[in-house]
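Some structures are shown below for you to check.
Both complexes shown next keep chain A, but they swap its partner, so chain B is in the first and chain C is in the second.
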Partner chain A sequence: MSKTNTNQPSPKNILSWFNPIGKQTGGLAFILNRVTAIGLTLYLYVHLIVLGQLANGPEAYDGFVSLMNHPIIIFGELLIVAAGIMHGLNGVRIILTTFGIGVTHQKLQFYILMGIALIVILIFAVRMFNA
Partner chain B sequence: MPETNSNTENFPPSENSGVWLVKIITGPFLIILLLIHFIVNHFIGQNGLLSYTDVINYYKNPIIPIMEILFLVTVIFHSSFGIRGIILDLRPTREMMKIIDIFLIVTSVTAIVYGTWLVITIASIR
Partner chain C sequence: MSDIKWNITLKIYRQKENEPSHYQDFFIEVDPDEYVLDAIERVWAFQDRTLVFRHACHHSTCGACGMRVDGVEKLTCITSIRSVTKDGATLKVEPLRNFPVVSDLAVNMGSLYARMETVKARSILPITEAEIETPKSEWNNTDDQYIRLSDCIECGLCISACPSAATSPTYLGPAVLAGAQANGNPIDPSLVKLLDSEDGLWRCHSAFECTAVCPSNVDPGRRIMNLRTQVISDNFHKLFHKTQGKTDE
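And then the complex of A and B:
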């Protein structure tokens, strides 16, 4: 009698996907990619809806933009910028390793790309909070 | 001799290589388009964000509406297939996956149609 393969993902374990404790770099990269993906997708649809203000004329849109200059909103926007940059560069690592490039140096790839992401995010942060 | 079960209905839904390829191809395009989008919206505006007038003037360049629609279609495809991939890891049944696929198709088409309408509306403002 064959044993049932119990080492399969399951909805019951969904929260463990996002638990970084005990995970190695690859697991952390996986979590980062998924969390940023979900966040960016949710933001995408909200972004499309609020941009509809442009069709309502300058008073509606400029009024909306003045609300967006609140520091908390700017911080939220920075999180979106950070998510986009990290998800994109992590995706570059996935593409490279999928095609066999740098497979034995995945950790180094991840750290270098996230280092680049951090620098770019800092540049955006300085610009966004000083504007 | 044991009977072989060739009924594919018994296999859980999965992602085919075509869908994976769409994600791999749209990803690098999105990195470039997203970077342009971030730079335009956070570095060009005098006060950090583009005003209504800034946006209208930006869209007067005919390349911009084309680029924005391309960006929209690319990001909708990439995000929908990506979310689908995440949901597949929850091992839904084939019936549930069909419902999810219909939901993703409807929201994606709606987003693309609405976004394209918005781009054309903004580009038409003089």
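And then the complex of A and C:
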């Protein structure tokens, strides 16, 4: 038994935004945009924390930055790059459809843009892990 | 119809007034080429007469039997069992989202009907208005004698599928915006303020789930984007004329 249903619109339903069950291409793009946006926002705070190390002097900052060469950290940075690219290109699709461009081909737009995103992410991955 | 029989389990959402919701399993033998609504009706007829659901026409015209079938909004009268499940499987049937549940699978769609009236959505229109992007100035008046029913059957599937409608009680919703768009280009001046607002066109976040689930080819997503284009264009024109007026002064 669950509690009495809340089948009505409410801001409390926001977690339903992230449920991929039953979603189709546009809905999955919607989820992707939100997940990447949250990831980028969280990264902003991490970035500020890293920059905050400057206040503790050059040694503290250099020591912290040397951690950035760890493969896990590089992978994390790659996720940030991937999030930025996918969010940006998905945003292009939304701008185009909002201006009435290619609305009937919005799925195709998504597939093409995500294809481009994948290629760019792979290029970044190769360069970052070989640097 | 075929002679093949499948045994499936219908996992149906149950809720009565002031009682907690739960799912109830019903084991049933079906012809896979029957429709989901047929199976639900058989459960009601032979297993549980307290099961409440909406239906009327059985041919996708009335829009009454909209439900969620395995998480996807469907008109159950035209959704074949074969297309959504397999022999021996469980099929989950739930009421539409974003409408208050009256009982079990029946929801109160009063908010949708009221909003459709607010935007002056029409149920009958001249055939020339069928083209989504054709402005009024290009409508062929001689065709006005040929009228047709609006594509929208007000089934509410689009509102159930829309993620923005799930979190905003005041959002007009895809069907309503599509109804406003069907009034023609340019937008009815009395509706501009309502449509060009936070709870109007700009609440849509382009998930296009409305278009994906629409059983009647209304394409609400495309209509919303068309309204946006019109509003953006009008606002640019107003801005330009205001700027020009100031320059002239």
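The criterion applied here is as follows: the second predicted complex is superposed on the first by the 115 of 131 C-alpha atoms of A that agree within 3 Å, B and C clash if a C-alpha of one lies under 4 Å from a C-alpha of the other, contacts with A are read in each partner's own complex, and residues count from 1 in each chain.
In this section, a residue touches a chain if its C-beta (ideal position, glycine included) is under 8 Å from a C-beta of that chain, and two chains touch if they have at least 3 such contacts.
Note that the coordinates shown come from a computational prediction; the quantities given were computed from them, not determined experimentally.
By the touch criterion defined above, A:52 lies against chain B but remains apart from chain C after alignment on the C-alpha atoms of chain A.
Of the two partner chains, chain C is the only one that A:106 touches; chain B does not reach it. When the shared chain is aligned, no partner comes close enough to touch A:71: not chain B, not chain C. In the superposition on chain A, A:128 makes contact with chain B only, not with chain C. Once the two complexes are laid over each other on the shared chain, residue contacts for A:41 go to chain B alone; chain C is not touched. After overlaying the two complexes on the shared chain, residue contacts for A:16 are found with chain C alone; chain B is out of touch.
Look at A:97: by the touch rule set out above, it reaches chain C but stays clear of chain B. When both complexes are overlaid on chain A, the residue A:26 reaches chain C alone and has no touch with chain B.
In the superposition on chain A, chain A positions 8-11, 14, 17, 98 are in contact with chain B in one complex as well as with chain C in the other.
Within the complex formed with chain A, the residues of chain C that make contact are 15, 18-22, 68, 70-73, 95, 97-101, 107, 133, 161, 163, 165-169, 171, 205-209, 211-212, 219, 221-222, 225-226, 228-229, 232. Residues of chain B that touch chain A in their complex: 24, 27-28, 30-31, 34, 38, 42-43, 45, 47-53, 55, 75-76, 79, 82-83, 86, 89-91, 107, 111, 114-115, 118, 121-122.
Residues 1-5, 7-11, 13-14, 16-17, 21-27, 29-30, 33, 93-94, 97-100, 103-104, 106-107 of chain A touch chain C in their complex.
By the touch criterion given at the top, residues 8-11, 14, 17, 34, 37-38, 40-41, 44-45, 48, 51-52, 54-55, 57-58, 61-62, 65, 68-69, 74, 77, 81, 84, 88-89, 91-92, 95, 98, 124, 127-128, 131 of chain A touch chain B in their complex.
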